[in-house]
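The structure under discussion appears below in the form of structure tokens.
We just call them A, B, C and D in the order they show up, numbering each chain from 1.
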């Protein structure tokens, strides 16, 4: 999943491509109507350079610019940029360390995905729209404990996600989303832009699942065979959706 | 329902009118807010030439152009076009073969129609808005079997629709929509554009039916006499809605 | 409520002001997002001239023009215009004959008001937003009978409204809206534009009432004293809302 | 929280900055889609000059201008302006007298917050989105009594809010919102613009709480420790969200 190595020249220019990618991901969240006010943030990682470009904290989307993106290392220390990085930076970098193949992360408070997170319930896979992008129910974490809040809230938020995936035996490569209980969704992907796209798809399936369940409260998830069929139409070596490129057009 | 025969000259020009019609139908889905990402596809058929123009697979609506439409024969083989056709092409062509009077097909993952499909319930006819376009409850198919998935998923999706209409004794000419269980809606019409218009009307009645039933859970469909009255105001030989043209203006 | 008498000169010019008013009312429905496709229609009456300007049947809002409005008499006969008037024209003119002080009528299939009509339930007055414009629960008619459908469907639709107001002892002057069971809402006002404005307010209270009841299913309407206070802040001789003009700015 | 003292020069110029602030707050309500028709109003106070700028009554947002804002004293008497002030002016000025540190107030009939007010239920704090701005459940008042309606409706509306906060021991500085039962929400903040921003945040959490509860009806509010953590990330002396300025960018 690496996107070309960062050489010294690039580095001295201030990670322009990486900041551009993070900027595009943040603006995609805004365009898709997934964020209100200053909520939400997206980032992109350069694995070779070991740095992440992320939205600055509390800045409105209207005044966001590529050059505002803050570049931090994988511990969250600012490497470049004059603004304070997103208050969720430690969550992002911890996820990048744990999920080694992802290239971008998005976090929103989008209505329906957040409503599921608040309800502290996984989103069941009720149809092929869901299975096209999320290979199973979207996991929900445990609610963060008081001990964790005291320790390091943002770091522990990532630990909750990592813990949920480990305990529930979910592979992050086929499940690019998690619901942090009582908080909201995090999504990821090959790039910042794909992470933002998954945030949009998650919101779509979160809304549909809510409506379907209100129509048929005893509904269970679809059979594994149908779920696999749809997921594998779009992903993996035998995928036949799209124009044969590795990323979505 | 035929729209003029395709002569050799037209054919050599690459089915320009047909691709234009398919393009307009696809863009109408987008304008009506029925599609997100690269979901959804619409097609139009030229019965005389025996060809269908359909959206290419996985291409975003922003970058769609009439010349991108892929022309396939009624078995789904590409006749003209450099892109791969929609992954749902086999479903379209199988429906064109079965429903001999239709001129266009649309497929979306629109919120409310898809929610009904996921709930695996037909949409009851609760009012005249519904009866204006859909002459009865909108049928839902059975969930596709494992055998069908292995056989030919997209072809069998069409077979599910055809099967449901046959078993439930529904005439496709008065019911331009079907819900594929755990998947989403397909709609059709005299043209690609009418198919897209029916997708929009379906979404409208799907939302209203959901709300009405949440207000009055024991609600049953309206009487057949009222349903007939409204459907026949707009359709058939005694229609008196509109300006006397056969298609909607 | 009369809006100046129409003299012969005006009449020979083709009721330009009246057609303009009806046009504005129709476009206001469209701008407020209350209509989809070719659904919906609005009209305005000139009481002195005894004529009504109304939307032509089945014409899309995009191609509507003031000069397309059809002028009919109070029996629904076309007086001026080349297009066929709305298929609901008989409903409009019958309501103008029964409700002698109204100046405009609007009919939509807006989501939430139509959902209540389909649920065949009156919209309870749950708050001051409702009481500001509708002096009590919004009445729902009986479902039209087979005998009425055979007699004259559109005329009988109006009779259902008139009947409901008489039986439920509702004064149309304080209740500018009715829900036709299994069909949708009709609203009215001093002018075509006020009728359209009431259609928008009705949709607002229809949505809020649905949400409130889903939060608190045993909720009853607010006390009459509070209802009166709010309605009379805006209407009647002691009104003190707005800038002292008789119509809303 | 004072925003610079108003000297005589400013006063003679007609409170231009204050009217501009009130105008911006009103337009922010409109831009955020929180108001329909002429509903809603926002104001800003100049504590040193002892005056409030507020929206004129019943004027549409399209025709609003900074110079239309009406300046009143803290008893609601017009100090400057030719239009009649909002019919809710007495509610605003009474709240300014009771809540001495606030700089702006907004009142809307936004869908979900109003639906909660109509349901006469507080909005429980179900997640961190809520806790970021509202330090606990958003209180609902008692329904106004007949005696209060007769006394002075608008003044007593404010008394209901003040009473609810006193009885429920809620500090208005950590809870910038109240639901007036059977009516709608009032919000406040350091400035008119912050009051409008809180109205937008309130609508967001009102919608999410409704959806979450419909998914999980037995849901209770989040633990106080998690609520405190999020509220105090953004507010108070140890806040670390944003760029270190006292107001949101």
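Assume contacts are C-beta pairs under 8 Å (C-beta built on N, C-alpha and C of every residue); 3 or more make two chains touch, one makes a residue touch a chain.
All values reported here derive from a predicted model rather than from experimental measurement.
Listed here as common contacts of chain A and chain D: no chain.
Relative orientation of chain B and chain C, expressed as the C-alpha superposition rotation angle, is 90° to the nearest 5. Distance between Cα centroids is largest for the pairing of chain A with C. Of all residue numbers used where chain A meets chain B, under half belong to both copies. The two sides are thus made of different residues.
Mean C-alpha position of chain A lies 34 Å from that of chain B. Inter-chain spacing, taken between the CA centroids of chain A and chain C, is 48 Å.
Shared interface positions of chain A, i.e. residues touching 2 or more other chains, are given as 213-214. Contacting chain pairs (ordered by label): A-B, A-D, B-C, C-D. Those residues of chain C whose C-beta lies close enough to touch chain B in the complex are 36-39, 56-60, 63, 83-84, 87, 109, 111-112, 114-121, 143-144, 146, 149, 153, 182-184, 210, 213-214. Within the complex, the chain A residues that touch chain B are 126-129, 197, 200-201, 204, 207-209, 211-216, 219, 222-223, 225-226, 229, 233, 240-244, 248-249.
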